[in-house]
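In the two complexes below, chain A is the common chain; its partner is chain B in one and chain C in the other.
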Partner chain A sequence: MVKVSAVRHVRGFDVARPLSISVMLAIMLPLVILPLLSIFLYGTKNGLGSFWSALIAPEAIFALKLSMATSFWATVFNVIFGLFAAYVLSRYDFYGRNAVIVTISLPTAIPTAVAGFALLLLWGPNATLGRLLNMQGFQLMFTPYAIILANIFVTFPLAFGVIKPVFDTMSRSLEEASATIGATRWQTFWYVTLPNLRGAIVGGALLTFARAVGEFGSTILVSGNLAGHTQTAPLYIFAKFNEGQIEAANAIAIVLALLSFVIFSVLFFARDWLEFEAQEV
Partner chain B sequence: MTPRMKLAPVSEELHVSWAPEREHRTGIAASVRGISKRFKKARVLEDITFDVAEGESLVLLGASGSGKTTILRIIAGLEQPETGYVILHGKDVTDLPARERGVGVIFQAYALFPRMTVEKNIGYGLKIRRRPRKERKKIVNDLLTLVQLEQHRKKYPWQLSGGQQQRVAIARTLAYKPQVLLFDEPFGALDAQTRVHLRREIRALLRKVKVPSVFITHDQEEALELGDRIAVLNEGHLEQVGTPDEVYNHPATEYVATFLGAANLLLGVVTGDFVEIGAARVPAAKETARFRDGQSVKLVFRPEDVCVSPDANLPEGCRRLANAIIEEISFVGAYERLNIRLDLTHRRQAESEPPLYDVTVNTPEKMRGVPIIATRPKPDANTTKYKVGDRVAIGLTSFSLLPNYTLARQR
Partner chain C sequence: MWLERMRFPLMVLAVLALLLANACLPKSPSEGGGINITLYGFSIMKESLEKAIYPAFSAKWKQEHGVDVRFTSSFAGSETVTNQILQGVKAQIAILSIERDAQRLKQGGFITSDWHALPQKGIVNKTPFVILVRKGNPKGIHDFNDLAKPGIRLIHPDPISSGGAQWSILAIYGSELKKSEKETGGADHARALQILQAIWHNVFSTPASAREARTTFELGNGDALVTYELDALLMKQGNSKVDAEIVIPEATIFSEHPTVVIDRNVPPSDRPVIDAFMQYLWSEEAQRAFVKYNFRSSTNDGLNQENKELATIKYPFTVDYFGGWDKAYPEVIEGVFRDLVQKRK
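This part shows the complex of A and B:
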């Protein structure tokens, strides 16, 4: 018989584990969890009916639609341009390349109000480029186009930042192999490069969209904040809050919170899926 | 040596099967003429010229940094040479981009497309060429059979072993009937056993498809086994191009002699039909023919070319070199290795003299002897045993003479 040791090891109880988890949750509670929770609690305080009627108010619907549309176009532009910029900057070396990379990433660090202000200075009705447009009978500022422009400016580095590292780490020999097999640059990009970037493109697009939907600082300067015309969802929340219509503001706040929640869940949980795909398909 | 390049017109229709149509042709498949290249200021390639015959496999052998990869990339069109031409089947392709050259490159890490199945990888070249679906399917099926991957057709590259991936990479290039196959260190990433196994497989496959191929490697064993001919590169210039036998047994330069296996080098002077090395006179009527009298030469021989005898009687076909003393005996698996010190200070044995001199090399004047290395196969080692300090006679079964350029330059 094998001698059984006299002292059996009992699985110990580690105090550090529950303790540190509770401390972490205690810090997060007032900072993140409670504020989010309060939106939902207040918004539905008077029943779902009043929430619903606040939501389907024409101005609210318009604000949500405008936010979606402007964010969508900003995302489309920034993903395409980000892809292109990442391709150029990781495939070609040229004088001042690093300066360009820094400049592209700069908008992340610029306060959004500054960004909006800068756009006004350039495109405003009395500004250099704005006057040129005015002579053509076109006004850019205080229109939905201005909102798209501001969104593009502010979310510029996001898609680029996600796509560029994937380009950098992608083996050059894949593209070289494709070329020696006989593919044109375009065919190589379409059949070889792009499929490898799918995860980065989806991720970059979601990030850009989420950021654009919530954009406030620059939008409020360039849009004119005209209800039913150039008022996006965050501006609507701000306006209704100022007017004391907490319920109206709250309804939209819930929608925006849920939207960002969904986007980040996708980003978080699809990450594994996207990387798995990158390997498998 | 290499046949002269002929710029014969090549028929438009180059390939019918993987290459059988070329069997009756005895032309040159690929040819590199006077290629030079520099990166920044550093000269990488200097006037490289060689040919690859139809169905032949040529190995570019060189240490890392010798420029072999650059040559491969220039042939493939992934790099531009500064001077010189690349000619594929009689057509100057120097200015053509990679995609119009129709060469097949098997990259070191295979570079299979990770998001395509085995089938799709192999069919890629045909898809790019917009071949009809039916034809594509047939060719892919044939290739899957050829490389024995039928049951893996639906798998993705990461699900395959290194050897299987390599076969996919080869099949992927064969699909569009490449003018020439270029292998970039194909076994670099594999362990020693797989490597030996795979290179036999590839050799067999290449014999079957008869596509001319260029391998690059730094492994001399690999070069000797894979190459119909070997081109030895050293710091950007070609040292020698020849069959494995030529390159190994008749190295053209000291670098080739020492890079391919072990070699002994002795300094000597040509005197008539003999080479004089110190006091030793080795008859070498054939070898000295291309040298003038009194020219300084290097005598090069392999350890296995050395015959050792306990008395003056050297075996038939062995040319007497000198007497020597055994300094060290080591057993290296398949053979025995002897470190021997040659006595080159004494005169050659005269008629009346005893068969062996007192070799002086084991005395305080030891440094006067010249060390060489000899190997003996097991049967010899077992029949005649030596111990350290034994005096022996040394002969050579074969050797080659190289001009002693170092000395010539010093003059």
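This part shows the complex of A and C:
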């Protein structure tokens, strides 16, 4: 061992470097990279023309738009709530505080299908709240709003989980300084606290959005899966797969894969400068 | 470094653009004037409805009444469709694989009319159950009992969610009863049970619907699959390179598919068009279209001659052989399959 490290220092070449990188890539290859690649290959198997026509089918476009819109609203809600909850839970100590933190994190571990039928049990036509709504002539389940509710449930802890640690580790001296020079509580939050959280908010939002766009298990239970009405992109993929139209399924799968690629690239590159800017403030 | 200074405003702009692009729920492509009929069907109804029945009826109604009729539909396992409707999906018409699902909807108060008053007691079409094997039949499967041989890898839809799976169980079980009757004069229940148990032992995947099972098979998994003749033919016609061929069992069941109006979800204003569509399903034109898509007509067996692909079954039977679904479900699906086959596994 000593000899090897001596050689490394003399030659300036570390054997462990190429070795460990290739081992890492070799492990990733069959587990992640090849499955993703096979989607791309299968989706374009019959040429780009048929890939494109699968993509612009009205029901496919609708499914993509519906996924975007429902995920967007779930993200808006969860980021605002996550910010609020993180503020409350890191600033105030109260009885049951830990229980609340655990409860917020629960949806991570609950199977998404359970989330789906939990919503059905609450809002369905024979359920407590659902019956109340039904009497007003309003139905929540099997509409796009049910999809938003399901998305909110399954992505509930994500934004909170990103924002809360930043709150916890944030230096309070700036906030205190701001308060001593006469800023109101709201001004302090808006001009001092919030800029510090910029990176966490954007990160939490992208994470929530990415997870919501891919949601399947709960959506299939609460949405009704009507093409062109309540069928999201993952449900469309599943329906096309079931029909044996694997090319059409793959076309949309490629779009979703690219979307997550973009989201996580933004996440990766944006985090640096967002945090840099935050320090400047 | 104007870019440095502009970063935050640019970011805000990008977020605003995202807002505008995403905030609105998309409008359904089918919304607008005219009438919309929502139909939920079991998994294999899709092609015949969307390619033939819907366009033909829409054209007919447009010509007679000058109003556009559009269809929205969803297809899944028969039990899944039924559960969705029971949970409140606004389906107006359901085409189901098994009569029991129609009965469940009636018990739930969703159906108030009597579908037995429709033509053919509400049965819109039928199809026999066949076996799909790999090209050249390498495992030598010629009838249901060959599926019981050790080492055969079988895909079988899940009877909990799929009507087709229940038909398949009745097909296998009934086929053995039928054959033992022909051979010895009496139905041998012990032999039928033994075959069913051995076959179930070979099952390695239970997809949620007959169509999902077919896709799994089409992707190259498994040695054999019991399915609707119609779906086997559709698969071969849709993909000439598919590694599959059809084996016709000596004795097999004809599945019969009830069509029901979900009265609770039909406002009086939609009644006339729904009723007209229901009558249309049994018209010669619609029955002919079903035969073209490999179903068999429920009104006129003569029409079946028009499709040369449809096989001849030596000893066909229907659910009436078991005394109807009222008996077949508790006695065979629950009494034999659930209690004696699945529990032992």
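In this section, the second predicted complex is superposed on the first by the 261 of 281 C-alpha atoms of A that agree within 3 Å, B and C clash if a C-alpha of one lies under 4 Å from a C-alpha of the other, contacts with A are read in each partner's own complex, and residues count from 1 in each chain.
Rule of thumb we're sticking to: a residue touches a chain if its C-beta (ideal position, glycine included) is under 8 Å from a C-beta of that chain, and two chains touch if they have at least 3 such contacts.
This is a predicted model, so every value here is computed, not measured.
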Between chain B (first) and chain C (second), which does A:191 come into contact with in this model arrangement: first, second, both, or neither?
first
Please work out whether A:182 is in contact with chain B alone, chain C alone, both, or neither, and reply first, second, both or neither.
first
Regarding the shared-chain residue A:217, is it in contact with chain B (first), chain C (second), both, or neither?
neither
In the overlay, work out which of chain B or chain C sits against more residues of chain A.
C
Would you check which partner chain A:120 touches, where first means chain B only, second means chain C only, and both and neither mean what they say?
second
State whether A:227 touches chain B only (first), chain C only (second), both chains, or neither.
second
Give one of first, second, both or neither to describe whether A:65 is in contact with chain B, with chain C, with both, or with none.
second
Between chain B and chain C, whom does A:144 touch in the aligned arrangement: first, second, both, or neither?
second
Seen from chain A, its contact residues with chain B in the complex are 171, 173-174, 176-184, 187, 191-192, 195-196, 278-281
In the complex, go through chain A and note every residue touching chain C.
58-59, 62, 65-66, 68-70, 72-73, 120, 124-125, 130, 139, 141-142, 144, 224-229, 231, 239, 241-244, 246, 273, 277
Touch list for chain B against partner chain A, complex
76-78, 97-105, 107-109, 111, 113-115, 124-125, 127-129, 156, 158, 172-173, 176
For chain C, which residues count as touching chain A in their complex?
7-8, 18-19, 21-26, 28-30, 38, 43, 46, 72-76, 84, 87-90, 209, 211-212, 214-215, 218-219, 235, 238-239
